[in-house]
Amino acid sequence: MRVEVDLRGRVCADVSAAAGEVLVVIGPNGAGKSTLLRAIAGLEPGRVRVGDDDWTDREVPRRRVGYVFQDQSLFPHLSALDNVAFGPRARGRSRREADAAARGWLERFGIPDLAGRKPRELSGGQAQRVAIARALATDPDVLLLDEPFTGLDVSAQMALRNELGEHLRDFAGVTLLVTHDAIDAATLADRVLVLDEGRVAQVGHPAEVAAEPRTPHVARLVGLNLVPGGDELIAFPPDAVTVSLTEPEGSSRLRWRGPVATLAPHGDAVRLLVHAAPDLLADLTPAAAAELGLVPGREVWLSAKATAVSRYGARG
Amino acid sequence: GDGDDGEQTLTVLAAASLTETFTELAATFEDEHPGVEVELVFGSSTTLAEQAADGAPGRVLATADEVSMGVADDAGVLATAPEPFVGNTLTVVTPPDNPAGITSLDDLDAPGVDYVVCASTAPCGAAAEELLDSAGIEAPPASEEVDVKAVLARVVQGEADAGLVYRTDAVAAGDDVAEVAIPDADDVTTTYVVAPLSGAAGASADLAAEFVALVRSEEARAVFTRAGFGEVASP
Amino acid sequence: MTGPRLGRAPAVLLVPAVVGVALLVVPLVTLVVATPWRTLPEHLGSQVVREALVITALSSLLTVVACVLLGTPLAWLLARVDFRGRRVVRALVLVPLVLPPVVAGVALVTALGRSGLIGQHLPFTLPYTTSGVVVAHTFVSLPFYVLAVEGALRTHGASYDVVAATLGADRWTAFRRVTLPLALPGVLAGSALAWARSLGEFGATITFAGNYPGTTQTMPSLIYVALNSDPTVARTLSLILLALSVGVLVLLRERWAVGR
Amino acid sequence: MTGPRLGRAPAVLLVPAVVGVALLVVPLVTLVVATPWRTLPEHLGSQVVREALVITALSSLLTVVACVLLGTPLAWLLARVDFRGRRVVRALVLVPLVLPPVVAGVALVTALGRSGLIGQHLPFTLPYTTSGVVVAHTFVSLPFYVLAVEGALRTHGASYDVVAATLGADRWTAFRRVTLPLALPGVLAGSALAWARSLGEFGATITFAGNYPGTTQTMPSLIYVALNSDPTVARTLSLILLALSVGVLVLLRERWAVGR
Amino acid sequence: MRVEVDLRGRVCADVSAAAGEVLVVIGPNGAGKSTLLRAIAGLEPGRVRVGDDDWTDREVPRRRVGYVFQDQSLFPHLSALDNVAFGPRARGRSRREADAAARGWLERFGIPDLAGRKPRELSGGQAQRVAIARALATDPDVLLLDEPFTGLDVSAQMALRNELGEHLRDFAGVTLLVTHDAIDAATLADRVLVLDEGRVAQVGHPAEVAAEPRTPHVARLVGLNLVPGGDELIAFPPDAVTVSLTEPEGSSRLRWRGPVATLAPHGDAVRLLVHAAPDLLADLTPAAAAELGLVPGREVWLSAKATAVSRYGARG
């Protein structure tokens, strides 16, 4: 599949994916992730090829997509079951078949007893499951999942991630999954696509992207500090940062200064956000934090252990 | 349409102001012609004449004026020449208690008197205009109603202090209005005309002619007179 | 269910609403009060009245059917499809609203009359038949229906149509299963408008279809004739028409309210 | 913006839509064709016609204002407030739709006429005045307006009203800043209906307000009166009314379309 | 504040909170969290007291709440700025004041340049920020935040959590914040309220709840295994679980058997979900996982180290 989208101020990207591939799309708010998905579905203009077919001029109903909209967009006048059965019926299956398929999906997602409910009678998470079921039930060529796990409780997230993973293993088409959660990228992605301000900032295998993030957003997502250094980027984990109240000795250029913005527990450690240039994270033990007398606003020096730092080119 | 099973229908298109008299005459006609049903279609003379000209089903056309009949005549749908059968004259009516104290045509000129007439385009309006002019009335009417029934309704409801209507309407209204006689009214009359329509063949053509004859008969004259109609004005 | 308490209805809305109701209801009440009801059974029993009632009921019902069948797609076209000349079509569709009914009748005669431009080529005649009554009523009522439904369609917007399209629904399927059900209140409002307009119509009817008892004489035409002989009878007949239509409306509305 | 391509409009919708347009437009076209246009300037120049046009324009405008002011709160009351007897009020509000216009005029006379039940106590008289024309038009048009707006209000539902309430908006504020703007397409549709109905109205007007050039004679009344003597003049006058209203509609619609 | 709600099939709870308190509400999908918030706002029936005032019969507009709805519910016809300014204006401030306040909030949330946009022209995360700004701008007595951070990217989440935390420190009223994210509870909560199937399952300080979870949902949320043991509950972390292919020796009752459901990377470890009774999590090193030849479906034995296990009463 190949998509070329050029919408000033929203997204300007050229994205390819192989059949069967799961592409996880990440990026900050307003990066253009939803717009990219909308273009593939034909809701925004853009050149789209899927396999041997040119979809560019194909009408929306004839593009075989399964779309989980970011805002669910369940039909308010139809029950959960009818919402899920809508796609199969629109694509020509009999009422009985479509209902049976829909019922199957609702069961798979743990909400068979809500089949008769109207969307306004569902909780947010329940509605989200119906929305995913509706997208998968259409038997699409391309799956477009815009933050499919938002609003789901932890168990449901885990269960649905598994269900979806299983489904995707057998799925011959392309999947684009938008998420703000690093776990989705780690567990579901064949490749990760990073969007930033409407442009493709990075594409690569999940481990690659996690190890050598190219945007502050991805670095934050995978929990790394990222510092631009001329042509190269420098990445290091928060627990590789040493915090001190006075300027550290030595000639290392890997040191920064700034006020503590926040302190928060992070596992067994205390995680510090420091407004240096750029913002940096530092993990230290509660004992060390107490000893340094760290409170928000306090100026500190940070330095990174050279051994824990990785350097790589700013352009892949 | 005309029944084949011995039952025949004679459709008569008649001006709305003939509603009561023609209903009575139709009953008489049915009594005299067993197996014949008279279907009466009432409407404004102009509409009926235009519809007849367009070939509307009907065997007889009766209009409240000669101009309308002319439309049908010009279209060539009349079987024979139209013939006048009654005339009608104007009169002044007031509410029964006559709140404005109208006693003559001249009183319409008094300040504060709301009187109504027909629009000058309607036959009764043209007649009213002529009458008011000859009497030298200057005050304009409060309203020019579309037809004489509307004028009558205003007076009956007490919405107008006086109205110029046909004598037939004053008679039909009975106690709902008081009539103020106008001496010179007979000078201004309208003439009702009737004609059989062509396209009628055989038996129903005869029936149409017979109905026209009934309308112009002495027997009918009694009915019309009772309703307040007058003689056809001599040309 | 009573729903959340959003506050008292404010006087600035209540007062005009009550004035509006009063303006509409008071004349009716005085009409009812001023009409002799004694003669009502006698009128109801007469054949002319019964025939007129049947024709009125039949033609108004058929008019609603015609409006729904023709007007719903038309409203959809105007609300949802971008085509050249949409504005002109929309304005033209509204024009019959503006015509005095008698002129509407004249227009119908010039087009569909026996010797009308189109009518003379038709294998059947419309004037002076019950079908003609329905045509006249539809001509007069359709714009009301279209405007009401178009308003409802626009109110909802096309977002769910788009969702349906992504699920593979072509426009017809989306229309049938999404657009129309969501616009149902508008369709019902439009149908009520069309029905009511048809019930009261007489100018276009009498001009185009005539006033033949048993075929084209509707209640309003009968009332017109009655006005010429006995205004009291005309009022009584009006009240019969009124009572029946209120009855139907109350019944229908009850149904809708339950369905909602 | 052209928006997403949701597919071709299907024949099952297009065909009835086109039939509907044809039904509405063909009679108009034949009317235009069959009318002698030569005499038009002469009519336009005549004082009677000019006066009638002014009164028609003025009274239809005031009618729309009255409908918006009275009808919007009424529609809101019917769509949003649960009160005892709502169903009956709703049915009663629709009744004037069903009345033949002349009977509507009679009802107005019995209520608001010089010697009407209410009218005899009023310090002013409505019959024979331009105000009376507006009252008659409002009586006839208001139900159309209310029904269209109520349909639009119901289509949208009350969910944003609830959100506004949580933000501290009382009902009036919510109505003004949320309910009304969201129902705007319905309000516009309703206004167009009311305006058009008012433009063509004559039965109730002539019966209640009368027909005097310069005070109460509207174009439709003039046309009706003209029909009695010279149908050709009546047609020409109708076409003037028609052309002007189409012009206004096209202009207004253009505005709305831009606003949307 | 005290709320009593009894809506069959949705929620049946009696909840109290002190002035100034931040109550974080957690629970699985459909537990009744949103319904509880709706009742406080007056959108569902329920007895509500706030301070000395009885709100039970008070109309919705006169309850001074700031509500972030789960589905945002931004007014579609108003710009972002007008959405935020709506509350202040409805509560009587002048247009100029309200606009200034709204602009301030948009700036605080990093979207001042989107002030003129209509909701349909915003991305999901941008709209979410507007929704939070709208709720805070009303200067409410009670803040009701239904999953306020959903759809936000990691940086925005962190920033908004800080902003909100700062705002809440000075906030004199009660805050209820619904979330599916343990971080919210850890960083913002004075107390945590756990709902389960419409009932209050647990209330307590965040650390308390995290240490002794009473429902499987909370246990999953804080990453613990929870096993019912008669009158008491047994909790232990996944890294305290030993995985073996054969039945472990000894007489401990802390052992279970079941097929591996999923394996996923979790930090440096591999996290196993095993369908035992109940479902259990186990962390082990990638090396160990490889050595045991673990694949989904494989039957394994699990046992918990007795020293890492905590036991406590099932009812607080």
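Order as written gives the chain letters A, B, C, D and E; numbering starts at 1 within each chain.
Please note the rule applied: contacts are C-beta pairs under 8 Å (C-beta built on N, C-alpha and C of every residue); 3 or more make two chains touch, one makes a residue touch a chain.
This structure is a prediction, so every number in the text was calculated from the model and none was measured.
**Student:** Common contacts of chain A and chain C?
**Tutor:** Neighbours common to chain A and chain C are D, E.
**Student:** Give the chain pair, either D-E or C-E, that is connected by more C-beta contacts.
**Tutor:** Of the two interfaces, C-E and D-E, more C-beta pairs touch across D-E.
**Student:** Which integer distance in Å separates the CA centroid of chain D from that of chain E?
**Tutor:** Roughly 54 Å separates the two chain centres.
**Student:** Centroid from C-alpha atoms only, then distance chain B to chain C, rounded to Å. What do you get?
**Tutor:** Inter-chain centre distance comes to 34 Å.
**Student:** From the C-alpha centre of chain C to that of chain D, how far is it in Å?
**Tutor:** 14
**Student:** Taking the mean of the CA coordinates per chain, how far is chain B from chain E in Å?
**Tutor:** Centres of chain B and chain E (C-alpha means) sit 86 Å apart.
**Student:** Two-or-more-chain contact residues of chain A, please, as numbers and ranges.
**Tutor:** 42-43, 59-62
**Student:** If a residue has to touch 2 or more other chains to count, which residues of chain C qualify?
**Tutor:** Expected reply: 4, 6-8, 162, 165, 170-171, 174, 182, 224, 227, 231.
**Student:** Could you check chain B for residues that touch two or more other chains and list them?
**Tutor:** 47, 50, 153
**Student:** Please list, in label order, each pair of chains that touches.
**Tutor:** Those chain pairs satisfying the definition are A-C, A-D, A-E, B-C, B-D, C-D, C-E, D-E.
**Student:** What part of chain D is in contact with chain C in the complex they form?
**Tutor:** 2-4, 6-10, 12-17, 19-21, 23-31, 33-34, 69-74, 76-77, 81-82, 87-104, 106-108, 110-112, 116-118, 135, 138-139, 142-144, 146-148, 150-152, 154-156, 158, 161-162, 165, 170-172, 174-175, 182-183, 185-186, 188-190, 192-193, 196-197, 199-200, 202-203, 219-220, 223-224, 227, 231, 234-235, 238, 241-242, 245-246, 249-250, 253-254, 257, 260
**Student:** State the interface residues of chain A toward chain C in the complex, per the touch definition above.
**Tutor:** 41-43, 59-65, 67, 69, 73, 75-78, 86-87, 90-91, 134, 138
**Student:** Quick check on the complex: what are the chain C residues that touch chain A?
**Tutor:** Residues 159-160, 162-171, 173-174, 177-178, 181-182 of chain C touch chain A in their complex.
**Student:** For a test of understanding, state which residues of chain A touch chain D in their complex under the given definition.
**Tutor:** 42-44, 57, 59-62
**Student:** Contact residues on chain A for chain E in the complex?
**Tutor:** 27-31, 33-34, 70-72, 123-126, 129, 146-147, 150-158, 162, 165, 180, 183, 186-187, 216-217, 220-221, 261-262, 264-265, 273
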